[in-house]
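What follows is a single structure, written as structure tokens, with notes after it.
Lettered A, B, C, D, E and F in written order, each chain numbered from 1.
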Amino acid sequence: MFYQDGKLQYRVRVERPNPIFARALQQAIGGVEGEIRVMMQYLFQGWGARGPKKYRDMLINTGTEEIGHIEMLATAVALNLEGAPLSMQEDVANDGVAGAVLGGMNLRHILSTGLGATPENCNGVPFNASHVYASGNLMADMYANVTAEATGRVLATRLYGMTDDPGMKDMLSFLIARDTMHQQQWLAVIEELGGSAGLPIPNSFPQSGEKNEFSYAYLGHHKDGTTIPSGRWTQGPSYDGKGQFEPMISEPLGGEPELARPRPDSGAQSEQM
Amino acid sequence: MFYQDGKLQYRVRVERPNPIFARALQQAIGGVEGEIRVMMQYLFQGWGARGPKKYRDMLINTGTEEIGHIEMLATAVALNLEGAPLSMQEDVANDGVAGAVLGGMNLRHILSTGLGATPENCNGVPFNASHVYASGNLMADMYANVTAEATGRVLATRLYGMTDDPGMKDMLSFLIARDTMHQQQWLAVIEELGGSAGLPIPNSFPQSGEKNEFSYAYLGHHKDGTTIPSGRWTQGPSYDGKGQFEPMISEPLGGEPELARPRPDSGAQSEQM
Amino acid sequence: MFYQDGKLQYRVRVERPNPIFARALQQAIGGVEGEIRVMMQYLFQGWGARGPKKYRDMLINTGTEEIGHIEMLATAVALNLEGAPLSMQEDVANDGVAGAVLGGMNLRHILSTGLGATPENCNGVPFNASHVYASGNLMADMYANVTAEATGRVLATRLYGMTDDPGMKDMLSFLIARDTMHQQQWLAVIEELGGSAGLPIPNSFPQSGEKNEFSYAYLGHHKDGTTIPSGRWTQGPSYDGKGQFEPMISEPLGGEPELARPRPDSGAQSEQM
Amino acid sequence: MFYQDGKLQYRVRVERPNPIFARALQQAIGGVEGEIRVMMQYLFQGWGARGPKKYRDMLINTGTEEIGHIEMLATAVALNLEGAPLSMQEDVANDGVAGAVLGGMNLRHILSTGLGATPENCNGVPFNASHVYASGNLMADMYANVTAEATGRVLATRLYGMTDDPGMKDMLSFLIARDTMHQQQWLAVIEELGGSAGLPIPNSFPQSGEKNEFSYAYLGHHKDGTTIPSGRWTQGPSYDGKGQFEPMISEPLGGEPELARPRPDSGAQSEQM
Amino acid sequence: MFYQDGKLQYRVRVERPNPIFARALQQAIGGVEGEIRVMMQYLFQGWGARGPKKYRDMLINTGTEEIGHIEMLATAVALNLEGAPLSMQEDVANDGVAGAVLGGMNLRHILSTGLGATPENCNGVPFNASHVYASGNLMADMYANVTAEATGRVLATRLYGMTDDPGMKDMLSFLIARDTMHQQQWLAVIEELGGSAGLPIPNSFPQSGEKNEFSYAYLGHHKDGTTIPSGRWTQGPSYDGKGQFEPMISEPLGGEPELARPRPDSGAQSEQM
Amino acid sequence: MFYQDGKLQYRVRVERPNPIFARALQQAIGGVEGEIRVMMQYLFQGWGARGPKKYRDMLINTGTEEIGHIEMLATAVALNLEGAPLSMQEDVANDGVAGAVLGGMNLRHILSTGLGATPENCNGVPFNASHVYASGNLMADMYANVTAEATGRVLATRLYGMTDDPGMKDMLSFLIARDTMHQQQWLAVIEELGGSAGLPIPNSFPQSGEKNEFSYAYLGHHKDGTTIPSGRWTQGPSYDGKGQFEPMISEPLGGEPELARPRPDSGAQSEQM
């Protein structure tokens, strides 16, 4: 169950509202690297958590923090939209060039919300939950979470570089710090779960069930069939301590597939039968 | 540029076709843990690769392998659909219960493809590219790739458990082995890039730009304001060697947000102005 | 900013787990009538609220309640999946008919989550935020909210009728009660905003700007051009007290549209130019 | 069955074509507040109408009117695109600033349609039918329809404010008037269905089936657990005449959820079992 | 502008309602081969038609017919849902096997519509307008329309084979006939536009602008670099009368791409710079 | 199985990088007329091909070529982004007008990829596979493929016209030539399959199963019930040689539909029952 206090986790100030930066900020709300995604991901992971209870608490707790990050960003979007042009005439009056600002805005910020944020990315594509990972495998989920916080921090630093508004830089410096911590946090769970001893993921599947000769082979699909550039992944021990990397030229092990002819009543063309 | 030879990377046999398993296999084609996603992800990462060239080659090379995995799975779907019921009458004739098989199928396997695979997941939701990561940051991308192969291997082992067809188990044992290797492969790149020395991601952003007092703090959002269960993430050194984890009760650092009243011409209700 | 206590707003018990009912419950999580939608809608309305502050608090407060509803339903899905068949063999063993249960499940409940909920509807379609209303007009938003709670309560009563599990009926009886209240709550805001005096929405647009002869006319588009069945909407005063309903046969007031020929360099076929 | 006459319901003139306004108009075609949505919604409600026949006719009739609104708007988009720049060179020639117009356009207006409308919103996001309500409950549907016409009219008035083209203002003044009427029309059906006597929706579900102590309680989820600001929704009789509003501090009535440990063969990590 | 008469274009009878067939029929409503798609496609082509006016009329006219086809199919879905099980108990009572019917249904037919159609395909995926073609090139559009009617007729014949309900077969025999005609109709426009003289599409682009040595070459991407199986497309004159087909082994004409190193402030990892 | 050589099929040069043209190029990558779509379409058609084997090879072979086209375009996007403004300050410095370039960019090119391509269209809408045709009917698929190459070539010529960069024009002249060939190629298959003798599609369905009186009738849905403009489709022999075109005024052949009243427990409003 959840509670709120109507305040912001960190201050949100905008000195010079910029409607195009408002559009950019949307990526941190509804983009694949954004806060709605992590909020959903951590909460669904927590709600479905089976096994040790401590992870449920941690996931829901940090998921709860993320709701507040969406709140901060939604506020930042609204503040960046104060004074935005609502008409072609205002646009020209402000910038002298028709379309200079209006053309670069998410027009839904005017048309659909009256100068507020939307649950969309910077291109106005609505958030969709297809990429929320809650796999039931805690180790896999932790890598998904590191990914989310790594790409999230990359995004936040790019937004930081895009603006010179001191208020926005201040807000982003907080969000960047939180991303730093959250990367660490999920790595800490990986350590608790045994680190490389937990590989391959899932470690509950007996490796006797896999074709072991291909488990540590780097397959080359180069057309000439000879070039396999070397790297850490072509030599040395594997990280799970169970194999040795080796390069291998990929050869087709299966022949040409054979599908039955189409059945007469299956909608194919007669010439196919 | 790309080439093909019309053969399968590994043999695909189905002894007892099962149209419901055909539906399940679709998750490995078009699901978020599936092969279209990794193919796209590795290729786009490779095509956009800036910096050391060796990674471009590796990414495109493994992306090329993944196209062949989709091919294997699409073949497996088609073979599992051989002899599937095309009508209510056939369905009853086969199983004695109307809807037993037909009701559990992806009906597009009959209606849209004439017993072939689709670029969709197990629920018939079309693949969408919103969750393809190619961030321009190689380290972040590697974590995304480990995630993809970890969840992909979880999926493949679940499919392995779901069927008792020897041909399908054989095919999956190969794909599981490849997922094992690909998890290792991306971890090897992480090692080459410095491992934990590469943290926080992106490591090119000067940490002086973040609010350091929150960079290694685990924030508790528990309602009672006192309980913060401990874990590796509340104590000890951080993995980047730059801080110490600590628990911290989360307090609102920003007050209540203040948005301007709606402008008269912005479409709000008069009572709001 | 948000907080949590790890407990459920109301008890969630399942006496006889039913994986098909787990699928049905997903509609109340990720469907257009579901809880993710209202959570997002109330929070984004609150975060973007301009004008009287009391509504911001109420919207965020009730949005916060809704997060807990998702939590309850996600728990209910997980509990309905306890003991679900993970393989074709288990499926036959349990029910005697292959596919009886497995065929009716959201297979992602096995393949993607390991027996947990997803942010999807009952057909496995991921939640997408395209239908979240936060219009910047409080009155319009309140109608959207009544709609959400009306269709949400219709859904909840249908789920109530679908199951005979006492635990599930108990949980739903709570959610249905909350939907009752929330319908009332948004109607109360409509009353506070002036009720019918707030019509037409938005009431801040001067009606002199609209073609008044069509503002209270029910237009008949019947082919024969004469039949306009009567109803409250063809006679009597309008609800905003500003007009009288009247029936009117719809006639085209604009002629045939005239578009310019395609430009030579615009990609049209030569025959069109 | 449907008919057409090739004419426009109302005249569509554009004096000064503006490709950025063409993009804005798309929101009224394919946006969540747009005409494709209402057309689909009214028609599907009509086609699925069970019960009194008069509503079927009205819904299909007004749905038919809406097709003509899409036609008007598609024409308006095409007319606003007459003379739009097709190349970077033309763009500079027209405005002196590269990208001033082209950068603000929906580029599909050039690349995909050759200067015609698309079934998309103002950000180029294709219409999707996930938010079409046809619930089988007439009262719920009427609230959905008021919502559609309220947000639709808000949108139309914002478009009206955005342009100073007399032709476009004239067209919009007609569409705004129709939205006024349609808001009224659906409210008239609500009155015919008993108004507040129809609450809670659906009124066919016996309220004995709900947990009545929560049916008229406004639950406070404030962190401090004491503050519940008052409003019409915390006091006075409910609108269905069946209860009294009251404020209530929300307490968790369910404990911590208990999910079973993961099954050995379910793809979880060994450390979870 | 559009009109209606409340009647069906052709009779719709269902003798033995079948909720799983109701799900199948949805593909003909909201699937990629379905009627919403053609309705949208023909209408948007008509509304954006530039050039000879006769095609605008024909496109809008046939688009109008298609609205009536959606209506027929929506009616067929509703009739197939009469008497469908609304609960697990009813389901067992009817078929003796829990989930036999309910498990195979689109559960939204119960939960979201109260036994009516939705604007979705047979898997419950909402129609999305991303695949509506209105290219501004009439010839290209005609091929898109033949495609739509060809796949539409394939679908309709598969539905015809799936059912043995005489009413449904009767309805489908009408729709199949219309698809026959509509295939012909668009081919007739292709003839009017010059048939193969209209190739390549668009024929308004001067072929001097293309690399002619590759305009009629069938490129072989076979790994061994020698095998190019022959077909009509490797020999003989091209259909536009402007070239001769020839086989050609594909060789990379561009070298390895060279992208600049990442800029310091672009969010890449330091090791990439 | 697939192979690669790390080189480009054709050279990709950009003399004057243009971030807005980078956005435009995305349509050729992830748009409905783009290369991801044809790659997927040809490969899935090939992988599901039943019947004569030669078509499987050809489809997979050309699908393989298309992967290389995506590669070329992704490279072109990255090269057009070299030197793009990463901040508001850079934007003003470059163009003198804030937002002139940045406002017209796909901001994900900065924020999500660090100056690389995405699998999206020109509006930033992610590719979705809903419109990939692999129908199991070869003739229908060939028309889908002609459509793809026709609209693809229209798109490519529009991009050619939009830019004056010699490198980009050179690259496009190659892609346009390939589209020319691919249009021809699929038409060649249609000829091999019998051309018009293959109509109506599917030709394996006995035409005795369709309502023949409507198979070659052009139905007029004009409101006045008399006007049917003539064209090739209203007179003369049909292309399959089996009928004569004729005009026919469309009359409703079915009456008003009759749906049962809603069931008491189906969630409808009491007034509907």
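Rule of thumb we're sticking to: a contact is a pair of C-beta atoms (placed from the backbone, for glycine too) under 8 Å apart; a residue touches a chain by one contact, two chains touch by 3 or more.
Molecules present, by chain and UniProt name: A, B, C, D, E, F = Manganese catalase family protein.
Remember, it's a predicted structure, so these values are computed and weren't measured experimentally.
> Chains touching chain C and chain E alike, please list them.
Where chain C and chain E share a partner, that partner set is A, B, D, F.
> Copy of B-E's interface among C-E, B-D or A-E, judged by over half the contact pairs being the same?
C-E
> Averaging only over C-alpha atoms, locate the centres of chain C and chain F and give their separation in whole Å.
Computed from C-alpha means, the inter-chain centre distance equals 32 Å.
> What's the distance between the Cα centroids of chain B and chain F, rounded to whole Å?
26
> Mind checking the centre-to-centre distance between chain E and chain F? Centres are C-alpha means, answer in whole Å.
10
> Listing for chain C: what residues touch at least two other chains?
1-9, 32-33, 47-48, 50, 57, 61, 64-65, 68, 75, 78, 86, 97, 100, 103-104, 110, 112, 114-115, 120, 123-126, 128, 130, 135-137, 139-140, 151, 154-155, 157-158, 161, 201-202, 205, 221-223, 250, 252, 256-257, 259-260, 262, 265-268
> If each chain is a node and each touching pair an edge, is that a line, ring, star, complete or other?
complete
> Taking the complex as given, what residues does chain F use to touch chain D?
Where chain F meets chain D, its residues are 18, 20-21, 23-24, 27, 31-33, 95, 97, 100-101, 103-105, 121-125, 151, 154-155, 158-159, 161-164, 221-224, 250, 252, 256-257, 259-262, 264-273.
> Sort out for me which residues of chain D touch chain E in the complex.
1-9, 30, 36, 40, 43-44, 47-48, 50, 56-57, 60-61, 64-65, 67-68, 70-71, 74-75, 78, 112-120, 126-130, 132, 134-137
> Would you tell me which residues of chain F are touching chain C in their complex?
Per the touch definition, chain F meets chain C at residues 154-155, 157-158, 161, 223, 265-267.
> Within their complex, state which residues of chain E touch chain C.
Listed in rising order, the residues of chain E that touch chain C are 1-6, 47-53, 86-89, 97-100, 102-104, 106-108, 110-112, 114, 120, 123-126, 135-140, 193-194, 198, 201-205.
> Write out the stretch or stretches of chain E touching chain F in their complex.
Those in contact with chain F are residues 3, 5-12, 32-33, 54, 57-58, 61-62, 64-65, 68, 72, 75, 78-79, 82, 86, 110, 114-115, 125, 128, 130-131, 133, 135-137, 139-140, 143-144, 146-147, 150-151, 153-154, 157, 160, 169, 173-174, 176-181, 183-185, 187-189, 191-192, 196, 199-202, 205, 207, 209-223, 229, 231-233, 238-240, 245, 250, 252-257, 259-260, 262-263, 265-268.
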